[in-house]
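Letters are used for the chains, namely A, B, C and D, taken in the order the chains are written, and counting of residues starts over at 1 for each.
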Amino acid sequence: MTQTGSRVGVWLIGARGAVATTAVVGASAMCAGLAEPTGCVTARAEFPDEHLPPLNTLVFGGHDLPGPALIERAQALVRDRALPAQLLEPCEKDLTAAEQEIREGYAGPMGGPRFTAGTSQAEVAGALAADIDDFRRRLGLARVVVVHVASTEPPVPPRAEHNDLEALERALPSVTDLLPPSSLYAYAALMAGCPYIDFTPSPGARLPALTALARRRELPLAGSDAKTGETLLQTALAPMFAARNLRVRAWSGTNLLGGGDGATLAAPGPAASKTLSKRRTLQQMVGDDIEGTVRIDCVPALGTWKTAWDHVAFDGFLGVRMSMQFTWQGCDCALAAPLVLDLARLTAAAHAAGLAGPLAPLAFFFKDPVDRPPADLADQYRDLRAFATALHAR
Amino acid sequence: MTQTGSRVGVWLIGARGAVATTAVVGASAMCAGLAEPTGCVTARAEFPDEHLPPLNTLVFGGHDLPGPALIERAQALVRDRALPAQLLEPCEKDLTAAEQEIREGYAGPMGGPRFTAGTSQAEVAGALAADIDDFRRRLGLARVVVVHVASTEPPVPPRAEHNDLEALERALPSVTDLLPPSSLYAYAALMAGCPYIDFTPSPGARLPALTALARRRELPLAGSDAKTGETLLQTALAPMFAARNLRVRAWSGTNLLGGGDGATLAAPGPAASKTLSKRRTLQQMVGDDIEGTVRIDCVPALGTWKTAWDHVAFDGFLGVRMSMQFTWQGCDCALAAPLVLDLARLTAAAHAAGLAGPLAPLAFFFKDPVDRPPADLADQYRDLRAFATALHAR
Amino acid sequence: MTQTGSRVGVWLIGARGAVATTAVVGASAMCAGLAEPTGCVTARAEFPDEHLPPLNTLVFGGHDLPGPALIERAQALVRDRALPAQLLEPCEKDLTAAEQEIREGYAGPMGGPRFTAGTSQAEVAGALAADIDDFRRRLGLARVVVVHVASTEPPVPPRAEHNDLEALERALPSVTDLLPPSSLYAYAALMAGCPYIDFTPSPGARLPALTALARRRELPLAGSDAKTGETLLQTALAPMFAARNLRVRAWSGTNLLGGGDGATLAAPGPAASKTLSKRRTLQQMVGDDIEGTVRIDCVPALGTWKTAWDHVAFDGFLGVRMSMQFTWQGCDCALAAPLVLDLARLTAAAHAAGLAGPLAPLAFFFKDPVDRPPADLADQYRDLRAFATALHAR
Amino acid sequence: MTQTGSRVGVWLIGARGAVATTAVVGASAMCAGLAEPTGCVTARAEFPDEHLPPLNTLVFGGHDLPGPALIERAQALVRDRALPAQLLEPCEKDLTAAEQEIREGYAGPMGGPRFTAGTSQAEVAGALAADIDDFRRRLGLARVVVVHVASTEPPVPPRAEHNDLEALERALPSVTDLLPPSSLYAYAALMAGCPYIDFTPSPGARLPALTALARRRELPLAGSDAKTGETLLQTALAPMFAARNLRVRAWSGTNLLGGGDGATLAAPGPAASKTLSKRRTLQQMVGDDIEGTVRIDCVPALGTWKTAWDHVAFDGFLGVRMSMQFTWQGCDCALAAPLVLDLARLTAAAHAAGLAGPLAPLAFFFKDPVDRPPADLADQYRDLRAFATALHAR
């Protein structure tokens, strides 16, 4: 173990969800030498990670609503073949430690056990920020990175205050529903002096007022919506069609998702927000006029697993019609969790290096990265490496 | 039409095969404004092609064994849905012109109508070179690029002369089977002062003695084995697994090929040579210890179409087993023909620029490129663009 | 050619659509010995078709809205690879003959060139029936079978008259929108003394009042919604899961349809009606509690082709989760047209044999057959053969 | 538990293999009410199993070569996700009981710990038969069914004695390699008065001399080569193409198998024997002239799982080319084990009913059933039900 002062906190919004649970088990197992860092980008032998905090300096905590404990969630993931049974026992101590650092979260304007229905959003934010601050102080952490891995929220109806930080701060003491929960968490994190990572498509810190707050407070942001399947493949494959001058006519996709996120994402609102950003990325790579629809369907029987099928109709030489299909079958939380660790390491280092505002070079990880960076996966990986190489703590 | 002196000859070995026929029809259709340059890499709007000979300066001829005329081959390709019916009539004039520039080729030591069984390989090479030279002089071409698009040959048993140019040249006047046909064509092309492109996995100019000859005569070489399906996808997808640190355990592939090439490639000899180079490329990208087999099966009912199915078994975070599959369904000659035009343009420009020996930056086009260049498609495309940008005729 | 008196008319609603055009070309080509009866069930060597009218006794006509002529539709299908180019010329005479027997149809209450907006549905029905009657008399046909192959209509809002023949007949002279077009066509066909085949999921003759009319007039009905892809495969595969006692947990499907029908079916209304009947069939075979969604997406780039991808999640022994996927890539009109000929032959023979009302033993052909017959394809085929064997004209 | 006299022994050749281990765990779990009979055909609610021995009357034992104990094999299967972790503890007692009934088997003419290299096959057979007889007597079993679930053997070179029972019996005392192990086990089983089930494609009881022995001793035989994936699907799907008169042009298949059987079956010998019987079945259903190859490839990374991909190229109406693909992803032992239980119950009942020789109505279970029965799965299921209904113990 490294010295207290050099440890880094990872504060997970949705701390008992499948992704968070898997990240905590995985970090524990890797530190104990019980698992390879498969799926961790920053752990590649060739990755320039000398300026990133080592894995064994990460300490976990977070917010969540009342529910089964981390260890019970881990047991359920074993039954779902998302975690190997033999890791449960050796990782139990670290799971218990993380469990003790979970504080009750914010369920939205309807209220919950901790924050009753009438509580102002300013008051909620204050309490959430205090939880994070307490975590940092008590454990003597050099810094804390906040990662939103809770269920996806529907797109948020636009409000003038979302674009105007002053107006937002004036309004918060007297409102209960101005910000969606993900954005209120982002606000609290920034107020607590912490970088914030939008791991899901929820609004989070993507509201202009919150981006402004991050810049004012000199805090880095990362996001949004980690790519772990269909979009990952699309950003690897679409550049091939473009480079070969093959004309993509239609790109259609079906995503079968189980578990909690399947139900959330297949609902018309979230599905719309997710499929829109997927479509934009594709168009950027192969042209604006492609046909096709991306579907997200919930299949609870799949558990935490997902299956994506994509069909690409393209024209070859002289207009001859051809096609390509792929099927991706993966465990959602096992695909996401190592990226949580990667992003925590990278964003912590960016904070240490004094970077502020959205970190465009992290586009490699996201479906909907800020600032319309290159959409090609290879370009994104090149940019990521360059970014990591250039990081030096001040 | 451009001036005589600036025209470039494209001499096709296998001039009435499906790939050659499609290339001639396609060049004609595009010059007449009847078809988009879909599939032509060098015709992308963003591609730096200012130093390449324009499409309408290319003139076609070649060697082939006696058989149906180009126009009949084109009609058969229409029935097989590999060429659009409406292009036949407008392109007929150009097909006839190319037909008149086809000379009878070399069938190997067994002999054929033109070269009887006992003819020495030196004599055959002289006659083949004279055909090419006559084509260049008669039509007043600036240069002629020779492209081997005939059926794949089995791997060639090693002979000492293959590695020693002096020994090879001493031996040729008295042998009938020292070089496989593709290599004898390469020898003849180089003797005629022409760049040579190994479009297939046949030995061609890959024998060290012939590479030495190209350097001595200051001629560029390109090759070998154009990638138009499974391998193209592999070089786009495998880097994704590597960049994400996902551990590929097994990569298995089945290729269903119709037509002539299916039968040739599914034969144990050629299949072995083709699958070996495919496997090497994969290992370079995702590791030496991957399991899996690549199969090539002949299915005549598919005509000139092919279907490739690949299955990738990989480990994710904490060793959780996941998988990916793809199916690629394309028309083989429609995938290959535009690359013939790309390679002819690029190699002609390289010749004009005075480059000699194997052109490593053309790896983007090949399954088995020389000099172990990057295997990632994105890196190969970057190198190709840099190469094209740097070309200037002396 | 057979004698006038033994010829059978096939009156197609949607007579210039892709399915109708393909059926006319196909019947012509087969009669001329230019094509095998591939896809025609009743033409199998082992099928008991001795009581069915031979293919060369069928005569085609129909209703359609103004549009390009049959021969132009056939040319477009050749460009879309749905018809072989070489059949156009030999079949032109028969296409022209059918074209001359096409009468302008009914576009619905909005009116069209022939039936203006205020025309009562009784008047329209009378005119449509007169067209059919004229066709029969002029050509001296033994009988005429009417087949609805026009675009799918949305589900129809229930009306009391749909269930009560007397009320319907009282109302028709004074209404313009009581029956959807498909049902008005069915009414006209029955009034003209013709059997009626619901080849699409449109309401057609499935309204109870029309079924009653068919019984009263002693006319057979067949339908509805021919199965030509995903559902066909489902009825072949689902019994396998059942017989092996494998528990299907979820069956998800995505249908990519091009052309006109893709746009129609992907619209929420028709999609709902189509996917509902597909789901019912699956539940009948593998249980009521299966998860999964069936999607229909329009991809115009596919032309008259369609691709269906199905994913089946099932439990094996001791609850081990397994999966199966299939992809079906077919030409919609080429799959449907031979069934039009089969159904015309079978329904004509049923009429000759004096059968009346819905013909349940034709379930083999339909996604949504009447009377909840066996859903297993093998059982349906057995029933179809038994039905054909038992047919004897009175 | 039922009375001693009514218990039935199931003697497994390869008693510690994955299939046998899964069968023992599964029978135990179902008897304890811990698992549904998913995958057990004879346990379907609608299946006529009143004449079959109940599951809780089965007692397990068998032959195997020295190796890890059943409980260790079960633990390995849990790690490979082929058995649910929670069943291990409750089934441990039954696993231990079965372990105690495992006797050392016969490894072939090379010899092994029990039977040294020079031991005559008559002597080996006598010892094996004595093991089975001892099992029956000691446990007071009504009868014992022997099931061969050991690794597949290569095809056996023909010997005159294989066709002539008298000659075989004369030769056995003086030979060490006349019969392959599977056939020597079959001989021993029959000599011990037990029915024999060829669950694999090994020669087993399929040699004419052994079939004659079964008839002479009035013992039933079942086999061979249980269908659990690709062939199962083929026998469900091929009848669809036939019934619809769609012309299958090519049927190609790739089977990726992990574990022990993958290595065995991918070896040229066994692969040849397995693919031959698969091809015969397909031809019986869709015609003798189909193209395509069936491949078996070993991918150890798949563990006990397998993936089959099939591609069907077929012609539709007017020769339009279409295609279908499927992918089957299953756990081999979980697919096979319930069929072992089904076959044990059915064959035991057939024995009780006095049936002798090959049981053709069990074709539903096999890739290569005796007597060229119907190949269509639906017909086979109908025959199986009729057979089960007709069974009555004398």
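Methods note: contacts are C-beta pairs under 8 Å (C-beta built on N, C-alpha and C of every residue); 3 or more make two chains touch, one makes a residue touch a chain.
Keep in mind that this is a model prediction, so the values were computed, not measured.
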item	value
Which of C-D and A-D has more C-beta pairs touching across its chains	C-D
C-alpha-based rotation, chain B on chain C, 0 to 180 degrees, nearest 5	180
Rounded Å distance, chain A centre to chain D centre (Cα mean)	49
Inter-centroid spacing, chain D versus chain C (mean Cα positions, whole Å)	45
Two or more partner chains touched - positions in chain D	81, 84, 323, 325, 327, 329
Residue numbers on chain C that touch chain D, as the complex places them	22, 25-26, 29, 35-41, 43-44, 81-84, 87, 232-233, 236-237, 239-240, 242-247, 315-320, 322-331, 334-335, 337-338, 364, 376-379, 381
In the complex with chain C, residue positions of chain A that touch it	81, 249-250, 252, 254, 256, 291-293, 295, 297, 299-303, 307, 309, 311, 313, 321, 323, 325, 327, 329
Residues on chain D engaged by chain A in the complex (per definition of touch)	78-79, 81, 84-86, 327, 329
